[in-house]
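The chains carry the letters A, B, C and D, assigned in the order they are written, with residues numbered from 1 in each.
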């Protein structure tokens, strides 16, 4: 096995050296990736998982001789969860570090802000943010990984209608993530047969949501959708319990993390969320192609870091795989690389099965999203 | 030039000043005396616009100034020195005096920021004007020192130069001789006469009887916020009512 | 229908009391330190953060007994209060007011960074003292933790008022707040008094952190926003007055609750800050009346 | 009369000479060091210096502290962004028009809150800033809400727009230098003198026939416009604005800049901005450590040099010099 792998690597190496020496003298020059991630502040757990995952991937690739003989170098900057900082670090990645591709950022409001700078610079980018806006409007060389608000909302509505819950209350945070979800929830409602009877925005800094949720309680909504990220799902969940609001509580995909379960404790029992299959690999049917990939990643992450991974690490994993596969095919020349990424088809990743195309830089369909419910402290598949 | 008619100031129910009327002729040195609490400083604050009167009127050269904001009264030609000298401590003496002439110049924020030529010419004029009055006050030689470095007596002269530089028609001096020794008081008397020499009218509060009696053309006596007497120094010195008022109070002699 | 309105009112009152208590614990602390030093302590929210995080990690994560965790949290906060006293009042004896203000900002920022290193940047929480099940009054509900918050806050503030009025140390603090120079002359140890005021306001902050974390959660960066809320409340009531701070805190909580109840969460803070500007303009000593009229003291922030 | 004595006689000449020298040095930097990422940093320094200089004018001359400069930075940024993006006015013109909006808002707010002083003024301006932030977040039809505004046109006119850092560098630094000169002139003019006097005693200034209140509003407007220009330049450089652009934290950061550089030194504001920018740049990726470093630095500077780093170092240099001669 080892010998086989080694010889394969050698073969690949030899082949790549041949291609490269024949094309241009790029041999051995490192490939640089930039990762602007949120590494501090309330969303740091997301960036941290991404960074850990990428570190391992880079080590693995380099130990195996790099991509076509070129080692991979990863440059991390902390975006601090602030759009202006994100733009500054992206500029630095592009102008100073001259990276070949960018993986990130994670927060929606950062992704939207850095779009212009990255597009101007023409650097291939794999966004790790969940908002549709990161690839809509579409630009030449920007792709996104996590399931976005559009498909998550459509999956949720499908579930709600099937459960007979058609009158809903919507609360969303006043930020880029809340904006995106709020828009989709509004736009898709009538077509799906859903009536939004209560709709209000709130601030992420708000730690006291009792008055808001009391209003929900007085409305005739049959379910509550909370579209927020970071710590807000925890506060919403706890407050829902404290004020005795008994209609089903449904979160966006941003709530699908161990941190939310931990923060909400027993109050999380029964709540729902929709998102990628990543949180419930073990309960997936065996014929699901993603099952094995997810289980393997989860196991190795837990072994290495002593805690469960989250979907943001998974996004980084998929991005790295798709990117390096494309580079393996065509190298780092921008145009060719963009085209190669765009041609990714049926890549079985942690976040779904990706197929990009000229008209679709999001790559996922509703089939990669499932509905979860918390039972005895863990996410279980409902549908 | 200054006519005060039936002036009244109440704080809550208390009348600090009640039905006071008098007038000051141009070029006169008029003194206001009276025991503590007689309402002298209140009178000054009313004339200068720091307080607005409850009733009555104040005319400067026939124009009513009662109740106008302090800055408008300053611009109308009333300047003052304070009981405790109040110089701008962090500015130089020259700058203090230059602030006196400040109001004559128009250069606004934009012109000054752009450093337009006319603002710089104004600055020259301002400086020349200030130096003239520093000279007048005899402190030209120390003009670059910080005002806070001066002893109290000299700060009084900075105030005088500053007040004169405003081109005031009337100067209100609140106890200028407080804390001065005999020689200094004498010098200050000369200075007040010099101010009158420039054609400026002076209204002065003081407790030093000798100083006032030798200096003032006319004296106004207030007692408990009421007009008590008015006349030349000798008339006042011989007035029984005044003597009684002063003997009756043990604060002042 | 009537029961709906009645329970709405009950709900508004209960939320106002709960949130108002949280604000009050910070506002009274801000006010105490302002009295003693003339400075607004930007690091006031760090007391809350440090205690909340300590209890969350020791009791919530590591499973220590609650009382031990609380004891450790109080020690941490007392140490921090002493450090702030050292930085703002002992080492910084000849610094302009704004300089001291900046020192408290610096302390707050550094503390956030250190806390994020010691723990992490995630949101933390621990179980409420008396379980999660809400108590129902008609249609209104209230978390048992809210009763803890309101009760303990009331005891703390009543105790503080008694302390200020009836003990020598409290009287010394009041004397200092009126006139520091005069207090020195009559032999009151000003520095010790300042330390005492930091200690007391640190304890109030710690109580706040321990009581409210189960409801509101806490993270390493929570402090500064709490501090801003606290000193707005203190200023609304009148800086330097304990009843004033309490009143300001309750008023802000009330306005916020009503705004969200009849209006929208998105505009939660708009009426509050409009009221503050109006109060500052028309009632410069605050609604209850604080120590200073505008500009009477500390006119110039940059003067040393 | 030599040039030097000529310059010395007149504050305006002296300021002009100093700023000209400074600008020349700045403009020569790319000639010497070539094009690089540092230009990006230098552009941010040019932009951030403006609100800092604005606040320095206010605090240095009037001794008051406003927490509204972040808000005016945001108003300048949003106004220019809206005018150029939605209405299609060219960025140079929109930057100027935005300042009229900033000036109007500053005049209205100033007229209301400048009666207050000290902590009360600080809290009142803080409250105003919070209200501005809320309005920006909520008026999403105009401001794009939390998402902010994207694709703001690049700075330029007459069909030519700046595309590279070096172009921005050569456009923005002269603007910053000219505004620095404006501020220096203002500060050394009779208006600066009047403001310094007002700081010591408004009633005395009034008694000299000077409308103290007008001067206070005037300097508040000018100081806010400085922040507003900074905001507009920022918007047209980075191409987007969000509610975080002029947040309370930003306002506090400007105050920290002054703490480092000195509250009454315009040049100090520049020094402070350089320090903060370097810190932001070189502590990248370590936001928690950055906070620790920043916090500890602030405390240390305040304790060692209470008037700020620049004035502190100047004092130190002077005392050493005298120490040697003595």
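One rule holds for everything that comes next: a residue touches a chain if its C-beta (ideal position, glycine included) is under 8 Å from a C-beta of that chain, and two chains touch if they have at least 3 such contacts.
Computed from a prediction, not measured in an experiment: that's the story for all the values here.
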Top of the farthest list for chain B, CA-centroid basis, is A
Which one chain sits nearest the middle, judging by mean Cα positions? D
Chain pair, B-D or A-D, that carries the greater number of C-beta contacts: B-D
How many Å are there between the centre of chain B and the centre of chain C, using C-alpha atoms for each centre? 50
Averaging C-alpha coordinates per chain, one finds the centres of chain A and chain C separated by a number of Å equal to 38
Check each residue of chain B and list the ones that touch at least two other chains. none
Within chain C, the set of residues that touch 2 or more other chains is 116, 121, 266
Which chain D residues reach two or more other chains? 137, 199, 287-288
Per the touch rule above, enumerate the chain pairs that touch, sorted by label. A-C, A-D, B-D, C-D
Please name which positions on chain C make contact with chain A in the complex. 4, 8, 11-12, 15, 18-19, 116, 120-125, 127, 132, 134, 136, 141-143, 145-146, 215-217, 219, 221-222, 225, 256-257, 260-261, 264-266, 268
Of all residues in chain C, those that touch chain D in their complex: 40, 87, 91-92, 94-100, 102-103, 105-114, 116-117, 121, 228, 231-232, 235, 239, 266-267, 269-270, 273-274, 276-277, 280-281, 284, 294-295, 298-304
Per the contact definition, I'd like the list of chain A residues that touch chain C in the complex. 40-45, 171, 174, 200-203, 205-212, 214-215, 218, 230-231, 234-235, 238-239, 241-244, 259, 263, 265-267
Please output the residues of chain D touching chain B within their complex, sorted ascending. 10-12, 15-16, 181-183, 185-186, 189-194, 196-197, 199-201, 203-212, 218-219, 221-222
Footprint of chain C on chain D - complex, ascending: 59-60, 63-65, 112-113, 115-120, 122-124, 126-128, 130-131, 134, 137-138, 199, 248, 252, 255-256, 259, 263-264, 287-299, 302-303, 306-307
